[in-house]
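Common to both upcoming complexes is subunit A, partnered first by subunit B, then by subunit C.
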Partner chain A sequence: MRALPREILVVEGARQIRDGDVVIVGTGLPLLAATFAQRTHAPQARLVIESGVVFPRVVPTPISVVDPRLMNGASRHGSLFEALGGLVQRGLVQTGFLGGAQIDRYANINSTWVAGKRLPGSGGANDIASHCATVVILTDHERRRFPQRCDYVTSPGFLDGPGHRAKAGLPALKVKVITDLCVMEATDSALRVTGLMPGATLDAVRNNTGFTPEAAETLGTVMPPSAAELKLLREVLDPACVYFPERKNQ
Partner chain B sequence: MAVGVHKLVTAAEAVARFVTPGAVVGMGGQNINRCPMALVHEVARQGLGDLAVVGCNLSVPLDILVACGLVARTEHGSGNLERYGTLFAWRRAAEAGSIEVRDHSHLAMATRFAAGAIGVPFMPTRSLLGTDVLRGLIDLDIARLMDFDGQPIVLMRALTPDVSLIHVHQADPLGNAVIEGVTSHEVDMVRASRATIISAEEIVPPGSLGERPERVTISEAYVSAVVHQPYGAYPTSAYRRYDFAEDEIKAYQAVARAGGAEFDHWIRRYVLEPERFDDYLDLRDPDAVRRLAMSSSMRSML
Partner chain C sequence: MTDKRMSADDVAAQVRDGMTVGIGGWGSRRKPMSLVRALLRTDVRDLTVVSFGGPDVGLLCQAGKVRKVVYGFVSLDSIALDPHFRAAREAGSLEIAEYDEGMCLAGLRAAAHRLPFMPIRAGLSSDVLTINPDLRTITSPYDPDDVVVAMPPLTLDVALVHLNAADQLGNAQYLGPDAYFDDLFCMAAKESYVSCERIVPTEELTATAPVQSLLLSRMFVTGVVESPGSAHFTSCAPDYGRDESFQRHYVASAREPAAWAEFERQFLSGSEDDYQAAVRAFDERPAVAL
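Right, the complex of A and B next:
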């Protein structure tokens, strides 16, 4: 059984969660990654959901931040103000998972407007990118998703470059972008390629990126999931192929 | 707001009395959970237009009001249905410039409601700093960037809707209401509003909630009218009572995406023509098979 690129992406996302971490996730691949982490190496990882769900044990397979499958076994069912204000802005959530239509070289995210096309807007993303110490972005790697500069900055990465985040009044941040081609990282800097997905090359990454990312001197290869991990992902967490429709064709 | 007064009325009476053209409408619910569908259908039927719809995640209720041409402006954190896609009527209107969209983050909206809820003109947040969201809100004089002890801080202007619409699990005729599961932005939004209409799955006798007042999520102090409407959030969910109806949400998304005459027909047939919300429910779910399935799906998760 070979893992699909997006499955490796999700498992690598899960590896960013340490046991005992408090993480905030939306739905989609981040939620899948967090659920995967809880059921493998991080059973004590605690999830916060923006709608007000504090520390649930997720029942597969929720599709929304208010899905009843996300409310199971929680410490508390509270409010959005409590989750995004009382936990995230308050500084009690270390890691946030995000997506986005555009991610630029300074890891700013646009989820509002792209070239006259209306997107959903921030939701909790701006709050997560403003207050969490670490932001993990899971996304497909497409050139149009990685422009030099976002058309509109919804959620702050490093804004106009080194020092700008602090100047704006925002706390320090580490960003890790995980795609189906590579891993990129930044700390008060431009995104830099630090790892490649199995089979991917730096040339492929650069050809599919709208800016020219620098690369670490030695690029590691992301470890694919084990057979048992893949079985968990496919048979327990997404048996109906909600998150991986491409699996239906296999 | 009236205290100790019986407020049980029909949706038609409540909406006629408390929703006016041009109103700022606080929208309850989030995404596929506990959206005030029955109340929104009634607003659409009465054709109350030029509305500003405000909330955090605005979903199907907003989209239906936009489709009916009743919305002038939205103020929100996001407009979408997550896995089920964007809000097509809202997106088309936003892209055409026929509605004004005022973007916030969810916390920025919740902060504005929190200010309104305790009667102060603003409340600070450290969200939005450095972004285009903040620039837009400063231009509208909704946000101000200030300095506090040498650190930048954002002041969000209080938001006090003219009327809020929410759907709850239980209410007594006085308006004391119980919500189970998450409350999203709703409690502060209601407290900040000049009037609030509540629809409830179940009406309990006056005094019965008084045995456990700590269970009351929203006090009668904030409630103007109470409407009894089982499955009032259909096709969205009500935690512990019924799951959301995925097929129904997908069906709406399919016609909303198509737009044009097909969508107009759907809106007319299922929103505007039914006399009451129960008629709509029976049209879409003739033998209540789907509603029973929604309830049994929820039970299986508890």
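Right, the complex of A and C next:
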């Protein structure tokens, strides 16, 4: 069994969660990654869901943030006001997972509108990008997704470059972007390629990126999941191929 | 996972001179009285107490633990005034920040949400702005004619609350009709300590009660004290109601120095176990014809 690129992406996302971390996740791939982490290397990972669910033991596999499977074994069932105000803004959540239609070279995120097309909007994304110490972005790697500059900044990364975040009154941030081609990272600077997915090349990354990312001197290759991890991902966490429809054609 | 169980005296030892201590409950309801009594046994002083006040405030004031009280009211519910608080207040020995209840809530919310203030309309044009000269108003940036009170954060060093049940990780549950604002007190505090009627395994908390009854997430709880009956003489529904006859005895004793000395000797000179035993003895006293 060989892992699909997006499966590796999710597993690499899960690896960003250390045991005991407080992490805010929405639904979709981030939730899948968090659930995977809880069932592998980070059994004590403490999840916060923006709807106010605090520290659930997620039952596979919820389809939205109000799915009861997401509330299983929670320590508290509060409100969005509490989750985004009392936890995220207060600074008690270290890591947030986000997606977005556009991620620019300074890791700003657009989930609002692209070229006249309306998208779902911010949700809690701006809160998370404004307050968490680490933001992990999971996304497919397409050129149109990685412009030089977002059409609209829904969630602030490093804005116009070094120092701009602090000037805006926002705390320091570390960003990690994980795609089906590579891993890019930045701290108050432009995103830089630090790792490649198995089989991917730096040229492929640059050809599929709207800006030209710098690369680390030595580029590691992301480790694919073990057979047991893949089995967990496929058979336990996504048996119906909701997250990975591409598996249906295999 | 962390076992956060500790004793009331362990909790009291965390409270140091000059700290700001928020006390949960409401009036004479679900007050963490054993934690308050543990504070009475320490040498701590100069506390700033933030409370929807009841006998917690009265006892701490009487014992000389308090420099300042921040409150919206202090009352024993079925008896309008706490005599110790009234005496301290009228003697002018206390600093006070007397707000409206909603303003207290806004202050706790500002602290819990890491905001520099919370706008609120309550307080406008009242003397609350006169007696609290530090309190500022702010003009809406959207409408120059709209002025509101900018309630500053009530950031707590320590929150003390009492709930019906908890687990050893610090998840805690209320089973009565009202949560009061215990969750907000804990969120506004750097450290929070919860006393409870019983510590149970985590699964038991939600075996017979809905998940919404989990008022406190372990994220906000530093220590848990199992101490049945310890909200006495305030209420802790549905486990027990307020001990009205004892509360009357507290008030009557507080009015007169000799009677208060006797109350202290009888109830406050020993441990929590001694207190509970003295209360049982008080309950069993023979009826005296008046």
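The rule is short, and it goes like this: the second predicted complex is superposed on the first by the 250 of 250 C-alpha atoms of A that agree within 3 Å, B and C clash if a C-alpha of one lies under 4 Å from a C-alpha of the other, contacts with A are read in each partner's own complex, and residues count from 1 in each chain.
Convention: a residue touches a chain if its C-beta (ideal position, glycine included) is under 8 Å from a C-beta of that chain, and two chains touch if they have at least 3 such contacts.
Note that the structure is predicted; figures quoted are calculated from it, not measured.
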| item | value |
| --- | --- |
| In the superposition, subunit B vs subunit C on subunit A residues touched | B |
| Contacts of A:V183 with subunit B and subunit C, given as first, second, both or neither | neither |
| Contacts of A:S51 with subunit B and subunit C, given as first, second, both or neither | first |
| Touched partner set for A:T27, first subunit B, second subunit C, both or neither | first |
| Touched partner set for A:L232, first subunit B, second subunit C, both or neither | neither |
| Touching partner for A:A42 - first (subunit B), second (subunit C), both, neither | neither |
| Touched partner set for A:M71, first subunit B, second subunit C, both or neither | both |
| Which of subunit B and subunit C A:A14 touches, first, second, both or neither | neither |
| Which superposed partner A:G86 touches (first subunit B, second subunit C, both, neither) | second |
| Set of subunit A residues, in rising order, touched by both subunit B and subunit C | 71, 77-78, 85, 89 |
| Subunit C-facing residues of subunit A, complex | 22, 44, 46, 54-55, 71, 73-78, 82, 85-87, 89-92 |
| Touching residues on subunit A, where the partner in the complex is subunit B | 27-28, 49-53, 59, 63-69, 71-72, 77-81, 84-85, 88-89, 108, 112, 116-127, 130-131, 152-156, 159, 164-165, 168-170, 242 |
| Interfacial residue positions of subunit B with respect to subunit A in the complex | 30-34, 56-57, 76-84, 86, 90-91, 94-95, 101, 103-108, 110-111, 113-114, 125-133, 151-153, 180-188, 237, 239, 243-244, 246, 298, 301 |
| Touching residues on subunit C, where the partner in the complex is subunit A | 1, 109, 112-115, 169, 171, 183, 187, 202, 211-212, 214-219 |
